[in-house]
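Heads up: the structure comes next, in structure tokens.
Chains: A, B, C, D, E and F, in written order; residue numbering restarts at 1 for each.
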Amino acid sequence: MFHKILDKLDQQLHFDQVDAHCDIPCGIYDPHHALIGALTVVRMVDLIDEVVKTHDQIEAAEFTNHMARYIAVKEEHAELVKHEIRVIWGDFIKEKHLEDYPQLHGLVHKIMALGSKSRQTVDRESALALLEVVNEFAEIFWQIKGIETQRVSAPYSVKEEMVVPKL
Amino acid sequence: MFHKILDKLDQQLHFDQVDAHCDIPCGIYDPHHALIGALTVVRMVDLIDEVVKTHDQIEAAEFTNHMARYIAVKEEHAELVKHEIRVIWGDFIKEKHLEDYPQLHGLVHKIMALGSKSRQTVDRESALALLEVVNEFAEIFWQIKGIETQRVSAPYSVKEEMVVPKL
Amino acid sequence: MFHKILDKLDQQLHFDQVDAHCDIPCGIYDPHHALIGALTVVRMVDLIDEVVKTHDQIEAAEFTNHMARYIAVKEEHAELVKHEIRVIWGDFIKEKHLEDYPQLHGLVHKIMALGSKSRQTVDRESALALLEVVNEFAEIFWQIKGIETQRVSAPYSVKEEMVVPKL
Amino acid sequence: MFHKILDKLDQQLHFDQVDAHCDIPCGIYDPHHALIGALTVVRMVDLIDEVVKTHDQIEAAEFTNHMARYIAVKEEHAELVKHEIRVIWGDFIKEKHLEDYPQLHGLVHKIMALGSKSRQTVDRESALALLEVVNEFAEIFWQIKGIETQRVSAPYSVKEEMVVPKL
Amino acid sequence: MFHKILDKLDQQLHFDQVDAHCDIPCGIYDPHHALIGALTVVRMVDLIDEVVKTHDQIEAAEFTNHMARYIAVKEEHAELVKHEIRVIWGDFIKEKHLEDYPQLHGLVHKIMALGSKSRQTVDRESALALLEVVNEFAEIFWQIKGIETQRVSAPYSVKEEMVVPKL
Amino acid sequence: MFHKILDKLDQQLHFDQVDAHCDIPCGIYDPHHALIGALTVVRMVDLIDEVVKTHDQIEAAEFTNHMARYIAVKEEHAELVKHEIRVIWGDFIKEKHLEDYPQLHGLVHKIMALGSKSRQTVDRESALALLEVVNEFAEIFWQIKGIETQRVSAPYSVKEEMVVPKL
């Protein structure tokens, strides 16, 4: 019985829905916030590195305060990346996109894995790897929307590459 | 340069990690909470149906209070289903599982779509469809862990089927 | 004047309401999520122990990253236990249940105290004590619902006992 | 084995701990925020009443926007009351207080019930009943701390009575 | 005594700190997310308009489900705008910026007022007014950072103007 | 075109609205919760000091557990102060208040800066500075409402001064 229901809904779900970020669907989505998240993870790793170098020059309380805060922000933003990407993938990516970009499921699954890895570690490599896969996802996203992109140096304290649409 | 980093991390990510629900990884995961979420969505649709029948018998304020609350809880629990499943899929499901169960990515993507659909609608069919795909995911989950399951009538006010491990 | 209102509401509140987890009341409740919380607290204590043993073998940044994450997850899950139990006790437990199980208020109050204690400490004893009182509560819960339970070894990385209904 | 652990912790828990609101324990607690919550619930009921009277004079969209917002705020603040009271009861109230005020468990359980009731209804009576039991709890709280209280007219748009300490 | 402390801290606070979005300070901020929020508010108003036109053609349950969801998303995003702007203003805007742009405090206060207004109403004018003041703020933000901007048609289902940096 | 809309809304916004804490507007606001937040920040700094003194007497795990928890609570409450003050300032403070108290924008901006500073540091001075500016804001708040205040010793484990209304 359930397979009948699923088949029927499968048919209904093939119609073109607007992309969504709030499940309305409202048609407003952008990987920008996920990129900010990934850049923040890189930044936190850099700040952790900096303060570790000063370990013996500052008070235990100060050191721990800095470390705890950087780690918490790293946590929060790696999770934000995973969430934002899941929402675009779950709500915006439709069957036809998966036909055009069959690597999408695997790429998103890898973003989840690298999001976890950058939470569990404090190395810059893992953070950069996460940023890279999010940039890849962003490139596909804008291609689907028919908008060209470019890779620019992020206009923040962290200057790593980020994919932006040419508007 | 990035591809080198990604390849290296790919190798590192092939080792067997414990399953996780909090990205530690802590090795404690269970689709139970996602199933509670899906059952709650069904329940909310039923309560919406009930109160709509009384539309003309109760005060506008009472009717709106009930509807608003049922809709909000339906929203919250459909999103909870999407989140819980994303976490198990993102953190517990590894390459080898995808080889054994190649349908996993597609199934998870469908759970996201049906989660959205049951938020956007108030029909029981959509809610049941969501519950069914979550049950399918649960069956695969416990198979991966080598634990048999059974489908039982949920021990709540909603008696729909839920997959539970035989412990 | 207020005592009159309270008396009247007292009378109204004696009717049999469905059990609730979302205050609808929706009739879907289960101590399972609280048990997952308590098991996670145990797991975090174990992970803290493990990483402390490696204190001198790993980098300060790595050590702090692990510790901060384990402590945060322990915090979050001990609070989750307190919240979940408060909801079942506040919304599901009615006057008649308190007559049948007069120890309930005291047991719930103890769960709150042990939840706090396992947040303030890092010893396995406190974590196990929390798990035990949650298991006791679960046993009473299922008894009230007329469903038999059994104590099983948790099917996760932490194998401590958990009370599950025989469905 | 567990009973031994519980007994030992029982002994440890009898020492005088500072009261807490953040489980540190930090010694900073106050029922004020719970009272604001209860007063807000009353206010929402009043606003719902007002807008219902204008049902036929305003647009459907406007009416629904107001109702949805009042109901959501009512929900949020009734739940806040339940949470705040649970925290003081769970973390601040110790064995010796329960000996001096044996009605505490029952009073707190009633606050939970009335919190639920004022979420499920839109009548002023239920909202006032919630406010009253929170005021009762506040009186006991300040008595325990050895500080006199008075009942004053709330200095907000809702002028109902609230218990405040004489500082 | 306090004025001495405040003066001393005033001096300390005059040094150039990196801009922040997570209070680290981490130097990563962007009004983009606030703009997405404002555009979403406009979109929700449009969707509310659309569904109100169909009021008599669809079921009460469907109508209420749509309205409740649009209103909730409008609420959430108007609040997000207020929060995001408060963070940039509070953490990124320093004394020297206020000297260069003396209108900043007033502009931010107006964003807060228009954020409230677009929550309390369902008219497109209020939503557009909010978007406009956020665009003004964005222009000042990028000027401070020495980066040119342009106003483009938003690349979403809502095509209103948004200020973007020329990267 | 936008300036016309803004002017029109400016006129509308000059009417006397009730003060709000939930953007309804509901007319229930109080700086009390912000003061609790500031006092908690002071308390956390004191607890951090205490535990640092015991650094060599307790286990690494215990020390880290305490520090992590105090820092997290300090973070949370400094942010709460910033949020609560932003809401009163954004929703309650109107044009006419700014005429009577032209220092308000600057004072609120300073609260944001000191909120950040007390997150980034672990010194009592910064925490006390935050408390002082919140007390100043509270005094203006109650003056606007035409209610006298007094400065009292906080009735908690932290006895610093807090501004309370004479009710």
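The working rule: a contact is a pair of C-beta atoms (placed from the backbone, for glycine too) under 8 Å apart; a residue touches a chain by one contact, two chains touch by 3 or more.
A quick note: this is a predicted structure, and the numbers were derived from the prediction, not measured.
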Minimal step count in the chain contact network, subunit A to subunit D: 2
Copy-to-copy rotation for subunit A and subunit C - C-alpha atoms, rounded to a multiple of 5°: 120
Self-contact between copies subunit C and subunit F, residue sets same or different by half: different
Between subunit E and subunit C, distance of the C-alpha-averaged centres to the nearest whole Å: 40
Interchain centroid distance [CA atoms averaged], subunit B/subunit D, Å: 33
Distance from subunit E to subunit A - Cα centre to Cα centre, in angstrom: 22
Overlap residues in subunit C, where contacts from two or more other chains coincide: 24, 64, 68-69, 72, 119-120
Touching chain combinations (by label order): A-B, A-C, A-E, A-F, B-C, B-D, B-E, C-D, C-F, D-E, D-F, E-F
Subunit A-touching residues of subunit C, taken from the complex the two chains share: 59-62, 64-65, 68-69, 72
Subunit E-touching residues of subunit F, taken from the complex the two chains share: 2, 5-6, 8-9, 13, 20, 23-25, 79, 82-83, 86, 89-91, 93, 98, 105-106, 109, 112-117, 119-120, 125-126, 128-129, 132-133
Touching residues (chain side subunit D, partner subunit B) in the complex: 48-49, 52, 55, 64, 67-68, 71-72, 75, 119-122
Complex contacts: residues of subunit E adjacent to subunit A: 18-19, 21-24, 26-30, 32-33, 36, 39-40, 43-44, 47, 69-70, 73, 76-77, 145, 147, 150, 152-158, 164-165, 167
